[in-house]
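My questions will all concern the structure given below.
Chain lettering (A, B, C and D) follows the sequence in which the chains are written, and residue indices restart at 1 in each chain.
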Amino acid sequence: MKGKLIRFTPFGESHGKAVGVLVEGIPPGIRVELDELIGELKRRKGIPRFSTKRKEEDTPEILSGVFKGFTTGTPVAVVVWNRDVDSSYYEEIKNTPRPGHADFPARIKYFGYNDYRGGGHFSGRLTVAVVIAGYFAKKLLEREGVIVRAYLKRIGSVECPPFDPEELLKSPNQYCPNEDAFSKMIEEMESARKSGDSVGGIVETIVFNVPPGLGGPWGEDIEADIASALFRIPAVKGVEFGLGFSFSRMRGSEANDPFSIRGGRVVTETNNHGGVLGGITTGMPLVVRTAFKPTPSIYLPQRTVDLSRMEGVEMRLRGRFDSCIVPKALPVVEGMVAFVLADHLLRRKAWEGVVR
Amino acid sequence: MKGKLIRFTPFGESHGKAVGVLVEGIPPGIRVELDELIGELKRRKGIPRFSTKRKEEDTPEILSGVFKGFTTGTPVAVVVWNRDVDSSYYEEIKNTPRPGHADFPARIKYFGYNDYRGGGHFSGRLTVAVVIAGYFAKKLLEREGVIVRAYLKRIGSVECPPFDPEELLKSPNQYCPNEDAFSKMIEEMESARKSGDSVGGIVETIVFNVPPGLGGPWGEDIEADIASALFRIPAVKGVEFGLGFSFSRMRGSEANDPFSIRGGRVVTETNNHGGVLGGITTGMPLVVRTAFKPTPSIYLPQRTVDLSRMEGVEMRLRGRFDSCIVPKALPVVEGMVAFVLADHLLRRKAWEGVVR
Amino acid sequence: MKGKLIRFTPFGESHGKAVGVLVEGIPPGIRVELDELIGELKRRKGIPRFSTKRKEEDTPEILSGVFKGFTTGTPVAVVVWNRDVDSSYYEEIKNTPRPGHADFPARIKYFGYNDYRGGGHFSGRLTVAVVIAGYFAKKLLEREGVIVRAYLKRIGSVECPPFDPEELLKSPNQYCPNEDAFSKMIEEMESARKSGDSVGGIVETIVFNVPPGLGGPWGEDIEADIASALFRIPAVKGVEFGLGFSFSRMRGSEANDPFSIRGGRVVTETNNHGGVLGGITTGMPLVVRTAFKPTPSIYLPQRTVDLSRMEGVEMRLRGRFDSCIVPKALPVVEGMVAFVLADHLLRRKAWEGVVR
Amino acid sequence: MKGKLIRFTPFGESHGKAVGVLVEGIPPGIRVELDELIGELKRRKGIPRFSTKRKEEDTPEILSGVFKGFTTGTPVAVVVWNRDVDSSYYEEIKNTPRPGHADFPARIKYFGYNDYRGGGHFSGRLTVAVVIAGYFAKKLLEREGVIVRAYLKRIGSVECPPFDPEELLKSPNQYCPNEDAFSKMIEEMESARKSGDSVGGIVETIVFNVPPGLGGPWGEDIEADIASALFRIPAVKGVEFGLGFSFSRMRGSEANDPFSIRGGRVVTETNNHGGVLGGITTGMPLVVRTAFKPTPSIYLPQRTVDLSRMEGVEMRLRGRFDSCIVPKALPVVEGMVAFVLADHLLRRKAWEGVVR
């Protein structure tokens, strides 16, 4: 969210007046199509059946930084107003932190001053900020031919089998290029929903046409920057590139990607490294996987404590919950990855401008 | 490496004059024991049998920021001189990028101006910088009772079975608290070594006595900051907290950690989340796992390209390589985690100083 | 505007939907009184006679980060809506850059995509952002007894004669503690107004009860941070501390402030250095002067160029201009100084929390 | 010192092992001529008669980031070793802070842990870091035709009369283009030296061939960034651009620079604004003045306090002092200005790379 040249900051609370984002450093001249942006925000609402029943229009209001349909180069503030808010329940449970939520540590961190209604600033609703910021980043990347695409790699026990990356670009299914796997994922989510439970999953992101040479060692490592961005998404508990954790079981002779020449360009014959070596893009597709925990809001009874009396209690949550947030996360993950790449692309342009 | 209040920057090249680190923002009054620091650097040399045969004293020379045995509060520059350098071979292979290494993307990024000898600035040797910076961070954390401890969770196919975290503090074996697993890890590394190959692994880090309330949402997320730091270590390809990727297969009812009261304190009965909820520490032990790929330098033949002639070639590396770098990585991983925690601890003190 | 721990970012355009500010890092628990904040914004409107006739309510709408009357610790977004906007004239003059304004260089910087209406993002109207951010900073400083007070040191040829700093705290006149000088300043502004011209001035800021030890050398220099903040205010062309430029004519024997003990505390007998030595506060009142150029919008004819035809033209501006912006700048200057001090105070608390 | 894309950090202490600098973000391919760099460092020694008698070779040792005579693009660490150090005197006076020096506030800031010998990290000797970092920045700017040149505008009561900026480029005298004024400045310094005193002055810097469009409003303001850099130089107490403080006495009709066309380019007929409007360069020469106080080390008796006994004492300093540091400051001021400009130039290239 904070690159060297671009930066975005989410603001707002779930039950406050609005959520929004301030995006800084976006170059001038990017065409802003409100319909496209609304479309991206719609993707963030996920599959209706498995998503919260809270009804929000989510129509973005651009307050600054866009003029005559183009970015101006000055800070872009975008607000999405909260309409369908009912906070009474949260007053009731404010002393009983919900398991798996940030309620308890937030209370410590903010010395009790945080807005606890609906998770406040920790609400998943804040991810509209990422989608909006990501929209500008994607538009910038598109000019250079770079395309960021995320899909459901896993929901619970169902995993999408391997496929040729190019298929992702052609898939009519926006969630998963394998229809069969997607049907089973729907079943998995349905099963969680019916039992008043939730289920986790994995998002895999593939970036096409990444120019080689983005990133660097140490402070410039592009894997570090992408991971840093992805872990900021609520519910993310793991990030890996290329073969990721599977590398730990391997020998170097299996892991190394051999180089060869294809069409006059240097490529690797395999892409175990997910398009990054030494923190720098190689020009192969960038592949990153993000693990999401099941959303912690469930209807089943849970043990927690009453902080006002400092004793254990059982709690049963009421409200409007997602049974699976992973489908909604796709544009959020894409937005984060796009934002980091856009920052590194701009830095690259800076060097190209003086070195050549 | 770049927190809000503390920062460190590695510098140097494998075959240059020196490697070193600049550490900024460390508060004054931290007692610096050169023997301790040398001890930490010795840990970074790993198990001799599986480590490079390059002979370096690795005696740190502190150039600034320490006076009469204490940090002064001004920037600390520490240098470790390179002595045992033989660069002739690297001139020979400078046009044939080694598979799995940064050679190729570095050449693009730096327009051919990078120091390619021994990997230059990308060399694992640069991790001395992390160990040195981590030393200062650990000393700061120790004052508050916070202890950072890493061990080998996996080497190739061998995994250390689960254990009570407290055992880690008592274990006489500095690599792995389970002697049996450790013996098998040694065998795995020996097997890789004998076949001229290398092997990957996983480091698990447990932080004890973490105060609750460190971190925050979005820009302050402590998981994001730790992951960002860990991915900057060469060869790291995955990071997960608590159950990490396993969360993706779970239901919320299994994943959520119930709260209860123990000894007048709020705790969670399980610690699936690895001590972090909503990007903020809960007060439970922080648990993070880091996946390392097998070191790419192997003696087996590999396919690559000759960039001067743009054609494929077979290459057989000569030199002094690690067959497994994971044991050496323990103090490096600890250093990174400690550094991030120290920054967040300082930020916490800032708020405590004005809010209470 | 960007400290290590707190940060604020103005957004908006003069003739866009709104202007506003995002304030990050403000600790939780600061009591927010909307009346006080409105009062500060009213000060920014200056002396009606010499200020623009544009009528704006300037009622701030807090979108986030404040809950039940206190800051929460998460980002605070505040918006002030633009109502009284008439942009037609600016379409007319968009190709003829106004002398002394940012029109021309902004057009280059933003490749022509900038919002040129009323100066767009460069408008003095954006200083509402500083006043709002400064409000939070002042409230934080007040808890520690630190008071930031700015007054008119000079308007055109009229200078306020020296006085005992404490008088500033007691002065009923919010612009200048010397009534006689203030009357003459009014005359100076009136004279400029009548001739269709504008006039510049100097704001002096005195900070009372500054704790010693804030700031540092190089990257932590508090003079550098304050100057950096002040120069970001439109129309500022000079900043000096203590005797400032007059030091250049002096001998060391006159310039050095002798130390002595007063009431058990170390003080300096004079305060030539304006409370800062080596970039660190000494505990004496901090004194900084800021030079403002006359506002460039005047009614007199001026020479400029028509960029569409690339030829010289004469232009006579129409519109609603300030004849002197310096009185309006007082809360803006205070806000900037307070913001920098608040950041340094927080950093100090971080060290105090671990060193003692 | 901390731009968005480049950054440098001075380290070291006056009586420690070394002083040095870490320079980050410098693009690869900049030719490094050690002789040139040594020449720049020699300029920093000033006019021998008025400079400290401490004898240091000041031969820079480049530890990293330069390979085969070119920058590599990775961090550049440069060290200058301290040889001629005698610290005994400073032990003697460590409890009696020298007036005008940072001794007292530094003791507070660092809780007494700072290296007090010779001013430690506050020593003017640390300016070698700026000269070194500035060298790289100048080389980068030169490629784009940008030239940064500083001269003595004032020493005590002697001011260099106005001249055509171009003369500065042709002047054989490296301190001041007006030989007559320079002779009088020498007399002024001689007079201060003879009386055991010191004298202050003003450095004016002119930057030629600055491209228009560098900088921006608020967070990107180039005046703010330059001022911030300049105030970090020890002994600087004021900074102004163009007419600076004189603007405060003026009317808008006198202050505004009329635009006109010259040689097909937009220029201003006067350059009162010193080449910056709205925080952005206009393409006219950038003009900035920096006020230096007289160096506080003098041989005359001064009043101070003994902090161990908390009572007033008279002190007479012994040692090797500069009677005027302003001539030595020229390459330091140039270095700071060049560094900021280089950062903004790189940012500009980033936008140019994507907008056009």
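Please note the rule applied: a residue touches a chain if its C-beta (ideal position, glycine included) is under 8 Å from a C-beta of that chain, and two chains touch if they have at least 3 such contacts.
Keep in mind it's a predicted model, so treat the numbers as computed, not measured.
A.B. asks: Where each step is a move between two chains that touch, what is the least number of such steps from chain A to chain D?
C.D. replies: The least step count works out to 1.
A.B. asks: How short can a chain-to-chain path be from chain A to chain C, counted in steps between touching chains?
C.D. replies: Between chain A and chain C, the shortest chain-hopping route counts 1.
A.B. asks: For the pairs B-C and B-D, output the one whose chains share more C-beta pairs in contact.
C.D. replies: B-D
A.B. asks: What is the distance in Å between the mean C-alpha positions of chain A and chain B?
C.D. replies: 26
A.B. asks: Take the average of all CA coordinates in chain B, do the same for chain C, and state the distance between these two points in whole angstrom.
C.D. replies: A distance of 45 Å separates the two centres.
A.B. asks: When the centre of a chain is set as the mean of its C-alpha atoms, what distance in Å lies between chain B and chain D?
C.D. replies: 38
A.B. asks: Would you give the residues of chain A that are in contact with at least 2 other chains, written as numbers and ranges?
C.D. replies: Residues 9-10, 24, 28-29, 73-74, 109, 111, 121, 217, 219, 351, 355 of chain A each touch two or more of the other chains.
A.B. asks: Along chain B, where are the residues that touch chain C in the complex?
C.D. replies: 4-5, 24, 27-29, 73-74, 140, 143-144, 216-217, 219, 345-355
A.B. asks: In their complex, what parts of chain A are in touch with chain C?
C.D. replies: 9-13, 16-20, 22, 24, 28-29, 61-65, 67, 70-77, 79, 109-115, 120-121
A.B. asks: If we count contacts the way the header does, which residues on chain A are in touch with chain B in the complex?
C.D. replies: 1-2, 9-10, 97, 99-102, 104-106, 108-109, 111, 121-122, 126, 154, 156-157, 192, 195, 197-202, 212-219, 221, 223-225, 227-232, 234, 236-245, 247-253, 255-261, 264, 266, 268-269, 273-274, 276-283, 291-298, 300, 302-305, 307, 310-312, 351, 355-356
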